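Here subunit A shows up in two complexes: once beside subunit B, once beside subunit C.
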Partner chain A sequence: MSVTSPATSAPVASSRFQGRGALLGAGLVILALLPLLTGASPYMLGLLISALILSGLALSWALLGNLGGMVSFGHAAFFGVGSYASALLAAKLGVPVLLAIPLGGVVATLSSIAMLPALRLSGPYFALAILAYAQIFRILATELDWLTGGAAGLQRYPGLPTLFGIDLADRAGSYVVVLACVVLFAVVYVLLRKSHVGTALRAIAESEDATRVVGVNATLLKSWMLFLSAFIAGVFGALNAHIIGFLEPDYAFSGVWSVMPIIAAVFGGYRSVLGPIFGAVVIYLFDQVIAKSLIPVGHQILLGIVLAIMVLLAPNGLAGLVRRFFTKGQFNKTSEKSHAGA
Partner chain B sequence: MVRKMIASATLAIALTAGATGAKAQDAGKPEAQTFTIGAHMPLTGTLARSGQAFNEGMQVAVKMCNAISPKYQVKIDLIDDESTPAKAVSAVEKLAADGSVAIIGGYGSNIIGPASDASDKLGKVYITAGAVSDELTKRGLKTFFRINNNAGYERGIATLIGDLKPQKVSIIASTKEAPALLAEGLEKDLEAKGIKVTVHKFDPAITDFKPIINKIKLQDKPDIIMMSAYENDYVGIIRAAKVLKPNVKLMVGTWSLATPKMYTEFPDLMNNVVGTSFLPFPVEVKSEEGKKFAEVYKQTYNKDIEYLSTLSFVETMVLCEAIFRAAEDGSLEKGGLAEQMRKTDRDSLLGRIQFDATGDNPNFSLSMGQHRDGKIVLVSPKSAANGEVVYPGLPW
Partner chain C sequence: MLETRNLTSGYGAITVLWDVNLTFREGALTAIVGPNGAGKTTLLRTLTGLLPYQGEILMGGQPLKGKTWDLAAQGLVMVPEGRLVFRDMTVEENLCLGAYPERCRADLATNIERMYAFFPRLKERRHQLAGSLSGGEAQMVAMGRGLMAKPRILLIDEPSLGLAPVIVNEVFDIIRKLKEEGTTIVLIEQNTRIALSVADDLHLMRSGKVILSEKAAGIDLDRLHDLYFAREGVKEEAAQ
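Let's look at the complex of A and B:
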């Protein structure tokens, strides 16, 4: 009989876990590339692009909620600012689109500085404050017509470019760009969660007062999370703007960009990294492909029913369901082994 | 009994022979070729009513086109775009993949812009009657066409106001895209005619217009209040004006105002109010096509033709005719539809339809109709008028 000490078993378990995680990640990326490999139609790729943009936004919302303990009802603000900033930089200053997109994220981050006073609030008060900020940005975009084109919006600005002979404006090209961004930010989120900062942030989400007592600068860490979340939302707003090719205040700052990421993240399981991503893809495709083919007009009712069932039966979302399924499998295997040993 | 059996057998043989004969006759007749026209409309959400009205006009046009064309037939494949640009783009891609030869667009420049871009990339002709932004025709798309535009609405309103020769006009304009554009254009037009114009923009979320009307009453003191807005806004503005009674001579608005529906729902607010229109009410249609449209529309939907359904009727007729022409000369499958669309030159309920190099209809101009005790009298331009404008004339 060999006995493994806890000191040696922990790194082994961790490296095994990391190996499994990397394998899972690689598998998911291959799965995500399948539509390209199987020659999916522009229509299907278009749906996937929209779903992935929602995934990115849901990821940024979940990051703020999971790591900062802040529930946002105003992510449309960052999404809209990022989209306008990128479109204007590309159209008026001639900034290359692939540079304008991260710069759109930077401008969204800068805009989030205006929300720092709201960090003193928590719960529904923070949620309402950030909702008000989203409205302010929408009105600003309408009123600053010399810059934003006002209510008429912007229509003539560059789309995604051709890079190394690959037309990124093409459906397949846009899909790869958006997918790459989702993977990149998911990796950032995973690394952040695993770091000491991530541990502190999760502790803040559980009890801010307790973490302050042990010397964690909660306000500073929450600010960083707000900036990161705004950056991610801004980048996806910018991507959407260059893919769609049209911007107006009512669309760029639409309440849909605040509500849909919440639904997607809750559906997928906002406490995990993959939950919001898959939640967005599943609900978008379910709504547009399955529900719409069953009920062409008013199909949203089916989505509502599915959401309600999901929230009632699996409050931790898809991620919780999958975890429960695997834990059950492991439990069965362990009990089989112990029975065999007996 | 035997006699009955013989009679039954004779009848059965006769029927079988008849059916066979009919089949043989059908087989001899060349089968009509059917083309699918894709359409995306807002069928749910706040713009659902507009989408439905557009759909009704389209369906009547298809019925009428098919009735007069034995060789070619058309059918509509309709998708709800949910007033979302990404979903409108997906709809266009799906319709094209499913074999639509052309696309009829929905409502709003924010939807039409990306959707027509996608259609252009797929090489499909795209026509709309629901987007007036000038930017749409500046993109240089070869497959984009529209029958109405901001300039047409502007021309109609500016002609009426110019003829009335007021000294001051106050414009109350929603910050939504189309009304904001119209207000901007009208301000320039009217100022060029020597009229002093003040514009009051309002957020579409506003429902209480008393502060704006009060400002107009005490500060602007105009002769005419012009409303560049939508149905709910008109009601709010006129209601506020009825309470505060500014010393004005006329209330003028734009689309969806001079309609029988508005008078039926708000009879206390509509009398003497003027809005854009192309037909008087009770409907008096002079052209054969217009009479037929009104008749089929009444049969199908049990109501009189209305503004949006007339727009979509005209655009669908224009598209169907171009499809038939392209099919006839064998260029439909080879991208010849856009060329046939450019050859369009016909009269319609909206006047003469032609398309310039940008795909715009340069002849589009609307008349102005005034509510008069449940009727709508066309009062401007003089060439289309069937009555004199009541000026001063107010609902209170």
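Let's look at the complex of A and C:
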């Protein structure tokens, strides 16, 4: 490993930043073209839609981890609340679906207010508290059967509408809607991370006290991130609900929605923005197409193996691998840490 | 400038500070020395609102109000023990973070240049991750970060901790320069000799109490060490 001299480190850093922007753009274009690349069969499109739903959820999980340092084992709660809220608003109050979806995110945000006391906890304690919290909402969804239909589930609610003559409910339309949401939140994430608040939040993940003594209201900022993460998870829960057209508590609040985003984000590289998005696509397709055909029951075991290999060989995930590929030969100091041990 | 009256604080059921009365003069460098467990760091953590307390803390005659971040925004800024730089962030990001309070953000760029003039070494390393710095450089980042917050009073906790003697001298040259620029500084130190060399006022703490408060100019190092080590009348042989 060669180390660039201090004099050259500045231009390297700025070109690295431009490179990052280009990479983000390229990544999103690839996502847009993915249906064509994979043959655009309805089956494949269906898989890709589910993969992108997971991308959004993984993005929301990684945002909470990176900006504020909170590890969540309970994103299923936000996902489930978002899906139920949106479906019920559309079915019972006749709210237009495209409005109900963001409102689903809002209700998920409201539900995260109950999580605020857990912000006093850190690390594994926070993770455990939020894990328990996720169960509360599954039980509520099962018990409040006058509202949610209970364990029997919810089926009669509207799907995505037709907008400007484009049927968003068909697979291609749904793909575009979900992709647009992923892109929107990825951009929000990037802008937030670049702002001074983003810098403070990254610092909070390292040492909360050290940020407080320079004037950062760490508790408030962490609350905002919890709200934002819950909102994003809720929106993707709502999208999923309107696309699949069927909800039951054991599905909407399934632990899968807590675990899969973690696997996807860690596999893709949770420190980056694109990592969780692509990690979700790769992991989901691998699971559904390859793993399922090899081991029909218990195929998730292969996910565990793949994740373990990834963590051992490339701790920074897919994003780390890509970065290493592009920065080969022009090693720069600022990424020293991400290379160490890789 | 800053004053404590019958300040008592600690961690939960354990009281560490007992009735501490201290005055920190504006524009002066006040050193607080004392052995391990004397309550020096606890005092700083209490002053910056990280610990609950009984008694009074007055800044400019007014009782301190607010949480740690409010106090920092009002100009009570701490450079924490062990430096606590943000290792995964660059030197420049660390410095920028110091300017988080709203009143510091407008002239961020000029303020950063001022820091680089002050710490030329940091300018060379501006895009380097803070985690890859040496101890002395990290201490400079921590102090620079504190200065970026435009402190009315800067609390520095054991800047010499874990540094080679020659680097300690370098760090204290900087502290001396800060003092000459008129920054009000409260300095916690175990190295009494070097603390005495920069201080205007000196307080000695032991077991959570202040046992000596004097002008630094009049203090005899031998007597200070006798009090420091709680030796009555024993002549000391190996003060370093």
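We take it that the second predicted complex is superposed on the first by the 284 of 342 C-alpha atoms of A that agree within 3 Å, B and C clash if a C-alpha of one lies under 4 Å from a C-alpha of the other, contacts with A are read in each partner's own complex, and residues count from 1 in each chain.
Simple rule for what comes next: a residue touches a chain if its C-beta (ideal position, glycine included) is under 8 Å from a C-beta of that chain, and two chains touch if they have at least 3 such contacts.
What you see is a predicted model, and the numbers here were worked out from it, not measured in a lab.
Novice: I'd like to know which partner A:Gly46 touches here: subunit B for first, subunit C for second, both or neither.
Specialist: Only subunit B; A:Gly46 stays clear of subunit C.
Novice: Just to be sure I read the superposition right, which of the two partners does A:Gly153 touch: subunit B = first, subunit C = second, or both, or neither?
Specialist: First partner only.
Novice: Which partner does A:Asp250 contact after superposing on A: first (subunit B), second (subunit C), both, neither?
Specialist: Only subunit B; A:Asp250 stays clear of subunit C.
Novice: Kindly classify A:Leu116 by the partners it touches after superposition: subunit B alone (first), subunit C alone (second), both, or neither?
Specialist: In the superposition, A:Leu116 contacts neither subunit B nor subunit C.
Novice: Looking at A:Leu23, would you say it contacts subunit B, subunit C, both, or neither? Reply first, second, both or neither.
Specialist: neither
Novice: Considering only the touch criterion stated at the top, classify A:Gln288 as touching first (subunit B), second (subunit C), both, or neither.
Specialist: First partner only, subunit B.
Novice: Is A:Glu206 touching anything from subunit B or subunit C once the two structures are fitted on A? First, second, both or neither.
Specialist: A:Glu206 contacts subunit C only, not subunit B.
Novice: In the superposed arrangement, what residues of subunit A touch both subunit B and subunit C?
Specialist: Of subunit A, no residue contacts subunit B in one complex and subunit C in the other.
Novice: What part of subunit A is in contact with subunit C in the complex they form?
Specialist: Contacts found on subunit A: 6, 9-10, 12-13, 196, 199-200, 202-203, 206-207, 209-218, 333-334, 336-337.
Novice: Flag every residue of subunit A that touches subunit B in the complex, lowest number first.
Specialist: Residues 41-43, 46-47, 50, 139, 142, 150-153, 155-156, 171, 240, 244-246, 248, 250-251, 256, 288, 292, 296-298, 300.
Novice: Taking the complex as given, what residues does subunit B use to touch subunit A?
Specialist: The touching residues are 43-44, 79-80, 84-87, 89-90, 93-94, 97, 109-110, 113-114, 117, 122, 133, 135-136, 138-139, 174-177, 179-181, 203.
Novice: What part of subunit C is in contact with subunit A in the complex they form?
Specialist: 48, 50, 67-69, 72-73, 77-78, 80, 84-90, 93-94, 96-101, 105, 124-129, 131-132, 145-146, 148-149
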